[in-house]
Amino acid sequence: MRKLSLFNISKLYEMISDNKQLYLPVDNGAGQAGYKKWEYGMTMSQALNTVRSAKDFFFPQTENLVDFKMNGKNIEIIDTRSEAEDFVLFGVRACDARSFSILDKVFLSDPVDSFYKSRREHGTVITLSCTRPEETCFCTAFGIDPSNPEGDISSWIEDGDIYFEAITDKGAVLMDSFQSILDEADESAVETQKTETRKIMAKLPLADFNLDGFGDAALLEKFNSPKWAELSRTCLGCGTCTFVCPTCQCYDICDFDTGHEVKRFRCWDSCMYSDFTKMAHGNPRVTQMEKFRQRFMHKLVYFPANNNGEYGCVGCGRCLAKCPISMNIAKVAKKLGDN
Amino acid sequence: MQKIGVFVCHCGTNIAGTVDVTAVAEALKSEPGVVISTDYPYMCSESGQNIIINAIREHNLTGAVICSCSPRMHEVTFRKTATAAGLNPYMLEIANIREQCSWIHKDMPTATAKAIVLGKAAIAKVNLNVPLIAGESPVTKRALVIGGGIAGIQTALDIAEAGFEVDIVEKSPTIGGKMAQMDKTFPTLDCAACILTPKMVEAAQHENIKIYSYSEVAEVKGFVGNFTVKIKKKARYVKENICTGCGACMEKCPQKKVSNEFNLGMNNRSAIYIPFAQAVPKVATIDPDYCTMLKSGKCGICAKVCTANAIDYTQQDEYIEEKYGAIVAATGYNPISLENYDEFAYSQSRDVVTSLEYERILNAAGPTDGKLVRPSDGIHPHTIVFIQCVGSRDTSGCGKQYCSKVCCMYTAKHAMLTREKYPDTDVYVFYIDVRTPGKNFDEFYRRAVEDYDVHYIKGMVGKVAPDANGKLMVQASDLISNEQLHITADMVVLATAIEPDKSARSLATMLTASMDTNDFFTEAHAKLRPVESPTAGIFLSGMCQGPKDIPETVSQAGAAAVKVIGLLAKNKLTCNPCVAHSDEQLCNGCSSCEKVCPYGAITYIDKEFKRPDRTIAVRRVASVNAAVCQGCGACTVTCPSGAMDLDGFSNRQIMAEVDAICR
Amino acid sequence: MQEIMKQRASVLLQEGKVDRVLGWQAGVFVYDITPSVFTNAEDLDHGFVYNDFCGNNLSKYLVKESRKEGKVAVFLKPCDTYSFNQLIKENRILRDKVYVIGIECGGKADIEKIKADGIRGVTGITGEDDTYIVDTIYGSTQVSKSRVLLERCMNCKSKKHVVYDELIGDDGEVQVTDRFDMVEKLEKMSADERFEFWRGELSRCIRCNACRNVCPACTCEKCVFDNDDSGVAGKASADTFEENMYHIIRAFHVAGRCTDCGECSRVCPQNIPLHLLNRKGIKDINEYFGAFQAGEDCEAISPMTAFTKEDVEPGTLHTKGGN
Amino acid sequence: MQINETSEISKFKPVIVAFCCNWCSYAGADLAGNNRLNYPADVKIIRLPCSCRVNPMFILRAFQKGADGVIICGCHPGDCHYTTGNYYARRRMTILFSMLDYLGIDRGRTRVEWVSAAEGAKFAATMNDFAETVIKLGPNKRLGDLRCRK
């Protein structure tokens, strides 16, 4: 483990952005934080987390796939992919860090999504431990330790210093690039912080959040539960929960006619939207209840069923904070769970 | 996917002169949906149309684009062509590469490039066109003629003769209009009354004609074939059907100091009056502004003397609502006000008169019983100066830019009549040009000069100044001998410019008929549709469309009548199929569209719909009456959900045109 | 207040006057309140809540609820009643299927404003006149109520209920506000400054459609932006143009219909001040076509479906404000 | 003041969309043609039944696809072939243009003009003037769609 005084953090930013793009959470002027490309003078936000999750960097909201050009009546197909640049994500929290491994299960299993893959390869993640979690946090329910985040490099901020520990080879390589400004440090420095954070986590309102009874055995029972109707009754059908979610990975593929060519791009879709899974014959999910149920069944039942028990949620609490009607996964789990 | 044929017209050199038509045809070949693209010197010609017909059949086209002149010119032509070939006429669009391209651009590459873009836009639209079937609407077999002058009377008579009912609405107490005020008519010099009054009587007696005299049009609703008109019958305080027109009331009426408009205020009439002897209807009218009974309640003499008991002081304005299939505007004209022409001293001397006033002076029934005397002192004038183009062909802004057309001839007439009756007079005519186009016109004018020695002087009068002993000092320039002239005249007659009657403007708004900058009604086409307004079902007769003399007016009146007859002869009209329709699946029933529809074409119905969750819900949705809808599209924009769309001009079609243009 | 409302609701249900009650359901925390439909006293006792975080405008739910079997009672705050009237005017709500209970409102709080001061781990909020005592897992602090109100409540346009069948608490008056101040400020900026301002705001838009889906003026059976046949449908703002397009068209569609209920700004996850777009529309309508408050009564003709022969020319406006 | 397309007034060739009502303005444009009154070829006319048919979406669409200016022409107020259409158009465009201006989008790029069937000269003059304004403003950056740039 190595450390750096926070006074010199901008030196670190400089060194990293010398040969890679560096992104970190900064205040966006609307009282919230969002990832921005680091420029000289920028400082990291004090906010616990960003409104949009870090998944944007590997799975952006819109992404051009291919262009078609019409010359008269014959069509020319153009691959618009450009070689992605290396980039570094700084200050990612444990929950978002875990979300990457969930997305990997979707995009890197056959057939591999080459767009996503290339971004993952070019990105290095420096995570930052949490010390003051929000009441909306429940990552521990998914076996995430916010005091000891995953990633290529993990970091901790403890009285005036920031501590780094490379987890992966990629992380080690990156860390070498700024070794020069780091000092030796030993694990014990952050141990107290870790235990403190764990204590706080245990005190959180959602500490008792659990998913007992959500295994795939319960699939039909949950699916047919009469409670969905009531839960979804006032759902507005907006996409807020899905768009701030670090693990939602549904997308739609659309064409856009620019006038001189057709751009085929993909963009995030939301299971809450009226035309989600709309097909030529119509839509298998017609009511908001069915759409609403899909979102939670997917995260809490279907996904674990296909991914040896891993849930499609990391407990970041964004949907709890952002849903216009405050109907969220915590309430659903409570209502449908065994407890 | 459509199969579209593109047909580029050279219009001789009109288009081909500045647009490389073959290049256009070539460029459009590769547009989506186009299966054939060709060009031809005259697409509108029979052989041109045959090219289109054959192409449609041979390639069984589902759409066609004609790159040619304005759709306002030949859209109808080509749509007929399409129909002839079995293609729905509304699958054809026109790219206007003449008026909006070849005629305004000088540079060939530029014009060609633009023509190609316009063609692409039309193709993009046709790709989204759908066949439209025109609906039908009934025709009310009754016509309305607004204005009871010679134009209105002639139109009404011709329509009535064809066996259709006609109503005439005349704002003054009698029909007859300006012609009734005239003495003689050029170039034949026969008396106006002698040829007009029989027609007035004929109109009055015709079983198909109903005359609303002393009435005005208050409101016009509906559309071609189905107009509903509200007519305001002004109270004349005399029971029309009872009054015998004996005139006793006029003699006994104590209030005789009312300026007589029929004689242009040159003498007086009584408060209860019949405008002139041959008035139709020959019915007295009480002038409420002067009748002591109506104003103070004291008098009532006319009621006492009326043996027929026709007087009714309690009469009120009355509103009649009638349905018509066609409306003819025949609102006529007036001489302009001369306030801008004080140099001619019209306001200073009563001996300076307008031609129409002179007309009355010469008329046996006029203020002077036909004797030529000066209005000021009743003395017989010896030197009379006529000034032409007073307010006509005037670019100074004081008067009218146009030529009033009739002045040259009636001035010649006046000069001739004067010299004939009073050989002792000296008559001068000042003119810019003498315009005598018309049968026997120039002969007529030459007679005035050669046989009657009228002094025609090319030049304009600078000033007319009344002097102490009642003479008029006329200052003028003779442009031919190039000298200043000073004439001491007894009378000066001003050939005053004419303008459309003031009532025409408000009427035009009611009829939604367009007008030009001079307030003359505009015709649908200056050459090809001269008696029709661009607004369907509205026709034009007489001076309200532009200056003309009596023979022209009568012939135009006849022409208008024929158009009306042609319309009324139909039992059904095919409506414009480019009308709005509402997609019930999208309609919210919010009523916004209903509020902006000028025709009340939108109504609402409660309809059952299957909800996504398969339950039934009743929703209020808009439905459009295709016969009433005129296709303006106001509703389509006020509809937030886009449920309202316009056939033939759908959102998608318009956006496709936009895309093609911006590409 | 909450208890009286709860009482009244259960009485209405017991008497069979209504079959359902539309109100607010308590959540896990003090502020995460969910609009909910109650059908029996028991549920009311468990879940019904009315506190300073009941911001949701319930009127829009009546578009669907009033078309269901039986009658529904609804609790409407003064500003909500304007939305209700507007929906009645547009025939979106069946009036006779709804029993409106007007409720007094002292302004609703914005949890994000409370947290903006770095307060975290909120476990409880209790109010005393103008102060909130905020308990957190890190200890408790105080914040001034007036500082943390929702934007719309800071500029409360009316404490008067424009429609109700019965009233709980007192009816207030229409308020004098300076809600157009920010709009004016923007108008006075130069075009470049305005452009930069709106780029900065709208570029954060994630097209979650929350603003539209919560908006009581946006009750289209199918929105043009969801309708593939409309030619403008779009799921994501793939280009800055689409960010503008979506919000311009939305502002235009609600012009003359927006009651300024402020829900769009409340729900925006990115805190985009969307009310500033709608208020511009309202301000323009007031200035060019005469003062008009949508929803004030359900008879008045909407300025966008009316005209006068003397209306301003689009070319002659823009006199105010910078270039 | 005329902009002759061959002359060298400007290298920048704007794309200008003119929405014209069928009864007055489109006829006015035809009259301009009849009288051989020149205006820039950059102006392309789309024929609509009435100015009240112009949906704000058409205008934004034009800007998206690369238009540099959009002008709407209709009958003079009071002369609408459909009696009231242009009155509604006037209100709508007042609100829309004001909104665009509020967003900082160059106000010179949008315009409404009333051109009657008799005003061929006015039509040409209007188009010349509008084109000149748009040329001065240069390419439309603020409301264009980057993907549509060539």
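Here the chain labels run A, B, C and D in written order, and each chain numbers its own residues starting at 1.
The rule we apply is simple: a residue touches a chain if its C-beta (ideal position, glycine included) is under 8 Å from a C-beta of that chain, and two chains touch if they have at least 3 such contacts.
Computed from a predicted structure; not experimentally measured.
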{"item": "Central chain (distance from its CA mean to the mean of all protein CA atoms)", "value": "D"}
{"item": "Rounded Å distance between chain B and chain D, as computed from the means of their C-alpha atoms", "value": "30"}
{"item": "Rounded Å distance, chain A centre to chain B centre (Cα mean)", "value": "73"}
{"item": "Gap in Å, rounded to a whole number, between the CA centres of chain C and chain B", "value": "55"}
{"item": "For chain A paired with chain D, centre-to-centre distance based on mean C-alpha positions, whole Å", "value": "47"}
{"item": "Multi-chain contact residues (two or more partners), chain D", "value": "56-57, 61, 65-66, 78, 84, 88, 92, 145, 147-148"}
{"item": "Residues of chain B touching at least two other chains", "value": "596, 638, 651, 655, 659, 662-663"}
{"item": "Touching two or more other chains - residues of chain C", "value": "222, 224, 231, 238, 304-306"}
{"item": "Contact graph of the chains (line, ring, star, complete, other)", "value": "complete"}
{"item": "Touching residues (chain side chain B, partner chain C) in the complex", "value": "585-592, 595-596, 617-620, 638, 640-643, 651-652, 655"}
{"item": "Interfacial residue positions of chain D with respect to chain A in the complex", "value": "65-66, 145, 147-148, 150"}
{"item": "Footprint of chain A on chain C - complex, ascending", "value": "27-29, 31-37, 56, 61, 112-113, 116, 118, 120-123, 136-138, 200-201, 204, 206-210, 212-214, 222, 226, 228, 234-238, 266-267, 269-272"}
{"item": "Chain B partner contacts - residues on chain A that touch it in the complex", "value": "70, 72-73, 257, 259-260, 286-287, 289"}
{"item": "Residue ranges of chain C in contact with chain B within the complex", "value": "67, 90-92, 219-224, 227, 229-231, 253, 301-302, 304-306"}
